[in-house]
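In order of appearance the chains are A, B, C and D, and numbering begins at 1 in each one.
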């Protein structure tokens, strides 16, 4: 159940020598309350997708791996200084019987000269016996696009764009303060 | 009187060992003028709610305490440097006969190594003879989410999102400058 | 001619010992083109209004003076460092026969300790033989609200909020690049 | 095919002694998918237009030259420090038989004292045997307007403003995480 707007495909993609990287936002899921209001059921995220180069300007989309940045991980990324690094670990099967079988780690490492970052995804899958690793060098300019776009998206990921004065709330009587 | 849009519940919540903290925006109240326009009657705020842990991953919502950050206090918080601290004092009964009976203070203290902040709320209630204190350590990444979300919300708190060119204002004649 | 949305009154006001200061955005004026499009006829501005204190918590609105910050002056203000100062000069009768008769100057001077700014307006009116001066100390927190609200408003002042993908532009054929 | 909203003309223009410079955003082109969704077909850009002065406060629009900043070039510009410089090269006939015949370069050079930038466009056209060069000094305040407006526009250029919760997505069942 639930209505949805037309789906949009607007990934921000970066193609480099060994692999490509794209980012696009996933909006949060809301639950409609009996009162008629809406509650965030699951926060949104920024989905990062990596896929390998298999020749000059040729990339293999079938070999893609994904990493969903949470709102807090997005907060970490957009506040990264030009010399800083960070790393995130995900287990997509967490809380299931396969917990621990797949380990994903995303690392963002500043170049020593502050001219950009290496963004790497490593996926170790003990079930499929696979071990994938992607490294995409991201320039300062490309990172600025990501930072600006992620900063724009972040309030939407946590559902705060729903708090808008489209229909001004009019005062009927005063309410207590806190 | 006054119409209102569907209510939204999208708190940004942080769960830590001793207590949890959530933030959500309260929109301003408008008065409809006889001219058909709207005037901000009361500015909005960011409502912070603290509630204590009572076991592993268990929290007691009934023991919650609230602190409503004004627009100016939000301005203070979003401009806080990584080594800065600030503190705000509220009296929810200010201007009533109970003035001074309840004292709330919110403190944001940077960790010495710049890795985050301690956000603490203290509520001394001389009527109920209670004294509550909550401390939530907030990482740099979590604080970046709060800063980004609060910066997004701030123009809405003071009603400036209502100044939009949805219907472009068309010139009829020139007006004087100031 | 021209339609307009309901007028909004949402000044951000600061009351201090000697005077009060409020800021609110004035949207740009558009001309409707025969093609059906819209052109910015006159850019918007941030209107600053100063009015004097005449007793404890009493202010005289009839003695107010205004200063309209242009988009570029807003750019100057929002990029001001915590130790920086700037000053703007306006002649409201510029290009008329009264040119030079009224001189307005707005000055923003950082406190030596970086804890805020003095915002001052001086209006010398040679026609009315008046000389008004207002000084409002603005804290770092209040200035952060102004910076955030002005940064939010700036794209609206120059009409860029009208460039939105509300109705996605669909490709029919490719166009040349530049 | 494809519908479009009313066209808007809201260039941010700067007039200086030797030349004028204006900036306005070009929105991305979307393709409508059979599923009913939208896909970005071509990213938007910020179009810079330069045209020469031909007398006091007179400029020759017929001699204009254009340079379309890509999203990544906008990222570079908005992250420029007050002492930094950058330069971009475009070939408007790239991939056609005229490749290499027209060379455009845009350079942004910080003033030594950090008080602004020189923004220059050079267009060498081997077909028309022309060689145009424009230099526009841009103050810190003007650059702050451009930075703020470009930062506002960037998410629109890559189509991310289409990811909005206008109609909240309601949860039907849980989906896998990544």
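Some observations on this one:
The rule is simple: a contact is a pair of C-beta atoms (placed from the backbone, for glycine too) under 8 Å apart; a residue touches a chain by one contact, two chains touch by 3 or more.
Please read all numbers here as calculations on a predicted model, not as lab measurements.
Chain B and chain D, compared by their mean Cα positions, are separated by 37 Å. Work out the mean CA point of chain A and of chain D, and you get 26 Å between them. Contacts with at least two other chains are made by residues 28, 38, 159, 161-162 of chain C.
The touch graph of the protein chains shown is a ring with every node of degree two. You'll find the chains touch as A-B, A-D, B-C, C-D. Those residues of chain D that touch chain C in the complex are listed here as 1-12, 24-25, 27-32, 38, 41-42, 47, 66-68, 90, 92, 94, 104, 139-145, 148-149, 152-153, 156, 159, 161-162.
The touching residues of chain B, counted against chain C in their complex, run 28, 33, 35-40, 71-76, 78-79, 151, 154-155, 158-172, 174, 176-178.
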